[in-house]
Amino acid sequence: MYGIRTDLAIEANEIYNENSGASVTSSQIPGVEINVEKYEHAKVTKVNISSDEGEHKLGKAKGNYITIEAIDIKLNSDEVYKQLRELISQELRKIITITDKSTILIVGLGNWNITPDALGPKVVSNVMVTRHIHEYMPEEIETGVRSTCAIAPGVLGITGVETGEIIKGVVDKVKPNIIIVIDALASRSIERVSKTIQISDTGICPGSGVGNSRKEFTMKTMGVPVIAIGVPTVVDAATIANDTIDKVINSLVNQSSKGKEFYETLKSIDKNEKFSLIQQVLGEDMANLMVTPKEIDDIINKISKVISEAINMALHTVINSENAANYTLIH
Amino acid sequence: MYGIRTDLAIEANEIYNENSGASVTSSQIPGVEINVEKYEHAKVTKVNISSDEGEHKLGKAKGNYITIEAIDIKLNSDEVYKQLRELISQELRKIITITDKSTILIVGLGNWNITPDALGPKVVSNVMVTRHIHEYMPEEIETGVRSTCAIAPGVLGITGVETGEIIKGVVDKVKPNIIIVIDALASRSIERVSKTIQISDTGICPGSGVGNSRKEFTMKTMGVPVIAIGVPTVVDAATIANDTIDKVINSLVNQSSKGKEFYETLKSIDKNEKFSLIQQVLGEDMANLMVTPKEIDDIINKISKVISEAINMALHTVINSENAANYTLIH
Amino acid sequence: MYGIRTDLAIEANEIYNENSGASVTSSQIPGVEINVEKYEHAKVTKVNISSDEGEHKLGKAKGNYITIEAIDIKLNSDEVYKQLRELISQELRKIITITDKSTILIVGLGNWNITPDALGPKVVSNVMVTRHIHEYMPEEIETGVRSTCAIAPGVLGITGVETGEIIKGVVDKVKPNIIIVIDALASRSIERVSKTIQISDTGICPGSGVGNSRKEFTMKTMGVPVIAIGVPTVVDAATIANDTIDKVINSLVNQSSKGKEFYETLKSIDKNEKFSLIQQVLGEDMANLMVTPKEIDDIINKISKVISEAINMALHTVINSENAANYTLIH
Amino acid sequence: MYGIRTDLAIEANEIYNENSGASVTSSQIPGVEINVEKYEHAKVTKVNISSDEGEHKLGKAKGNYITIEAIDIKLNSDEVYKQLRELISQELRKIITITDKSTILIVGLGNWNITPDALGPKVVSNVMVTRHIHEYMPEEIETGVRSTCAIAPGVLGITGVETGEIIKGVVDKVKPNIIIVIDALASRSIERVSKTIQISDTGICPGSGVGNSRKEFTMKTMGVPVIAIGVPTVVDAATIANDTIDKVINSLVNQSSKGKEFYETLKSIDKNEKFSLIQQVLGEDMANLMVTPKEIDDIINKISKVISEAINMALHTVINSENAANYTLIH
């Protein structure tokens, strides 16, 4: 896998294909299926991994990965937001199996104090929470409003406790029927950062975003299905350097009249060797850097609002695209 | 108890005494002992309740209640802060029984989004957290640093889950030896708001501050000792109205030449009747009001820093009054 | 005026009427006209003061005061918000005289760090700002978008400079055609707090909200028309105590069988005497208290969003009630 | 200058030297003097530019540039902070000429909402402000406390007005004797980000940090001396890519046995050509990226506190390294 860090199944497949010369939107691997749907303001790519081979080669657990690329999100237009919340809630509804009596636990992973890692806590602070009303004032609950609860416990460095342990403790008390977990991810591609939403039915490993690797967060560890929603908000500095070097070399090969053969040689350096060399020269300081868009604060606010609305729409039949904004809070 | 709302044992005793004509700094009730210590910038009042009669008459569980009144906190002077963190950490050390191997769970109750209720979360965000280092990098732990973890789960209206349930879930996983829980309180007296710290070994009932009444939070429910630290940050509007009326009537009795007898009569109205009358005329809107100092944001920041430092000093022998500031974070 | 503090013309008139026995929605004073309009979710009261006598008796400068009472704002319904932003923008459009070439300066008074005083800065952070685009990239400006700029300079205690001086400095450089200034106000009535929007063409005196009295902020001092938008977010503690006492006494007069004559006498105490007595017994601590709704953070967020949208709709013809949300930022 | 973006004079000289083969801590240019002082936890480098040639070749205005590199800032130790605030205040005192009657205007440039750009506003929110007390309550001012005022007006995209215009407006009203302006800078070096403080007597061009280029901010435009304090908080993504490529190539030249000659050739590509190539391949998305340390929020809080304390110490003789913390607020 050449050490390039990505949490997106769609990118894992791209990287695999780059090394085997295949096109981006298909898969070479048996048991990996890819489907692309195009919408006016978004592109939806569905990766289904059903074989051990696919799991192994892409480094992603078996299951469904739906990637919604919000190509027009910068337009700041309500039309775009509307399509996004509709697509996300639609896809969520397809992979969430619940009845009217289900209790849903929504978990926001990440650290409020690091902007690109605050996506999970922000979404959680905006979703509608009703479990206590169901319990203490059931007569006040409208038809079409399910029992939901939500927690954003913070990260290991803040609590001193594995996030998975905290959530498992809450799950043991609350006994939800399903968990929806939201986290910031890392992408290998600048273009995808903060424009892409990945939904999957496989759960996630917290900390794959900005922080350290922590414990697994899946059906196996939690005892109930775990739906994961993630948005890449950072790119690894080493990944950016690596991609840039590749592009520069390609460009030199094409443009340069004189040293063409030199660059061809350069291009042929073993990819693993090159990436580990980059990590070496960048050193420890670089490992501690993150690359984000300048307007990351604004982006996190907007995309977390869209995701909150979509979750509300997917879970409560009284909420639809038209009235969704009324059911989120603004902080 | 006349419906006046206070979370301070010292005030519960005052109210009892007012109705029996006794002085404020002693107790009339068998099994209730009161001791006062005076310091340059603080007054420490210790209320020990050991009898069922005391428990019943004061409406407070048996145990120790140490009240530190920071009379000079407005001076904004480091000398005052130094004395405060020393007094608080000293009193904490007396009632916390731990060994070098103990794990301490620090819990911040309350709602980050309501300033006067944010004391608990603020303290938690500033205390030193080491449990994960003890677990994963024990060689990096200095001698004199105990294992601490911390959580501020939010309130029922935000999570949909009783705070007690969330904490019990975490306790079941982490198995701490002791819990320290920090919460904002309600006081009956304007003068005490945000100038008083109450420490007790009885645990607390979350939500006695700004919010609703929620579940018990004690040794009985948690299975380990629960130390409570509280600061009154609000006064009930009805309490203020009631106190004002009493003062106005007293003033009229003393000043007015003409209608002295009228006011004497007014003064003699049954206290319960009067208070319930006030609550009635104030109505629902009033129940939803809170009375706080104007500079509440600044006060919450300062007092939560002092409490964080004092907790760090009480738990970790490497931390003392001189270096305490180095071990808290600034947000 | 009995010392009762209100920034609302509608309340100044009410207080005047209470003392002369007139009904609330009319005026006894020549040169003061009052009109009431009722809408499904709001009540609009227009007070026009045209005489010196009106100015003097109500303690408010000559001009128009439009008060929109958002009686259903707690419903948290988009229908209510829609009607509010439509009413506010409609009334703004009536009293703002601008051309397509006008530059509008929007000023948010108040202190970001004190929640109930943060209304002005919050509105400013949400309004659309275009002056720099008009200046540097005029080709990017849509038809129907006017030149707007915005500033929230902070309060005297933060800057050390009178807010009026800072704004005058900016006005001298920017030379706007009109100023819209937003500030938090004080109300005498619990019921109106955070549910009422007052628009006036008279300008305002900054600091009438939470802080101290500062300099005038009007056409006279700024050299251009000043439109003021205010929302009461606090009630004076003394005012609440005073009103409560009145209500309690009234209640005693009606209910009590025995001492009816006593209370009648009490009721007849001179109002000025009683209010100053209350202020006396409450003392300095009370002067420093503010009374706000518990959910003030949430309310400030919501009402500032509605006002931002209404200002955008009033100033830019491309913005209407349907697309208004797309033109405000969420922080 | 190869397009590499740096706001630090020390780095401008390094880049110049790299291209002429000179050592880093001296200068090749007549009229540019460099002195280095070493302290236990910091390194102070003073660059004095006195010639037109120096100004031109380094791309920095004539004047003094003092760079304090806080090599141990990560230790989170009070000893380190103490040395830093002492060094900064000492250097400030040397270049600030004021009397007891002087008024000092402190200006925080940058955008509160973008963490790495919030340095200026954060410092301003922590410095002691006294001008209003000097003016209205002179009897309350201690000896040794000068008249200070402070403003953080926000950025062009937020206000619609050039920051320079706003400040000039305030300067015209307040008539300060000197201006101290604080801003976030860009560095070319990962190692210096958030560990380096540059003080200069030349003023600055706002926006050299994260945002766009805006107007000059100097004695010439303001009419009084302008002291600039800056901390690099971001690195340009293109700069990182460029430096990484250089390091990779160097590494290949040294390690590789086979293609040594290839890499030598690659190394000799014209630097300008290479950098513009990188910018090209990175494209527009990259231009919008910023590279910051992961813990940028924490760093900005800490370093802004140190700078606030140092400014207070430099301006007010009652404040010294021991009591400095008492004079800053904690938000």
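We just call them A, B, C and D in the order they show up, numbering each chain from 1.
Methods note: a contact is a pair of C-beta atoms (placed from the backbone, for glycine too) under 8 Å apart; a residue touches a chain by one contact, two chains touch by 3 or more.
Just so it is clear, the structure is predicted and the values come from calculations on it, not from any experiment.
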Label-sorted list of chains bordering both subunit A and subunit D is B, C
The assertion on subunit B/subunit C checks that the Cα superposition rotation, as a multiple of 5 degrees, is 180
Set A-B beside A-C; more C-beta pairs touch across A-B
Between subunit B and subunit C, the Cα-mean centres are separated in Å by 36
Between subunit A and subunit C, the Cα-mean centres are separated in Å by 44
Rounded to the nearest Å, the gap between Cα centres of subunit A and subunit B is 41
Contacts with two or more other chains occur in subunit D at residues 113, 298, 331
In their shared complex, subunit D is touched by residues of subunit B numbered 76-78, 297-298, 301-302, 305, 323, 325-326, 329-331
Subunit B residues touching subunit A in their complex are 113, 125, 129-132, 147-154, 156-162, 165-166, 168-174, 331
Residue positions on subunit D within touch of subunit A in the complex are 113-115, 190-191, 210, 235, 237, 240-241, 244-245, 247-248, 250-252, 259, 262-263, 265-266, 269, 274, 277-278, 280-282, 285-286, 288-298
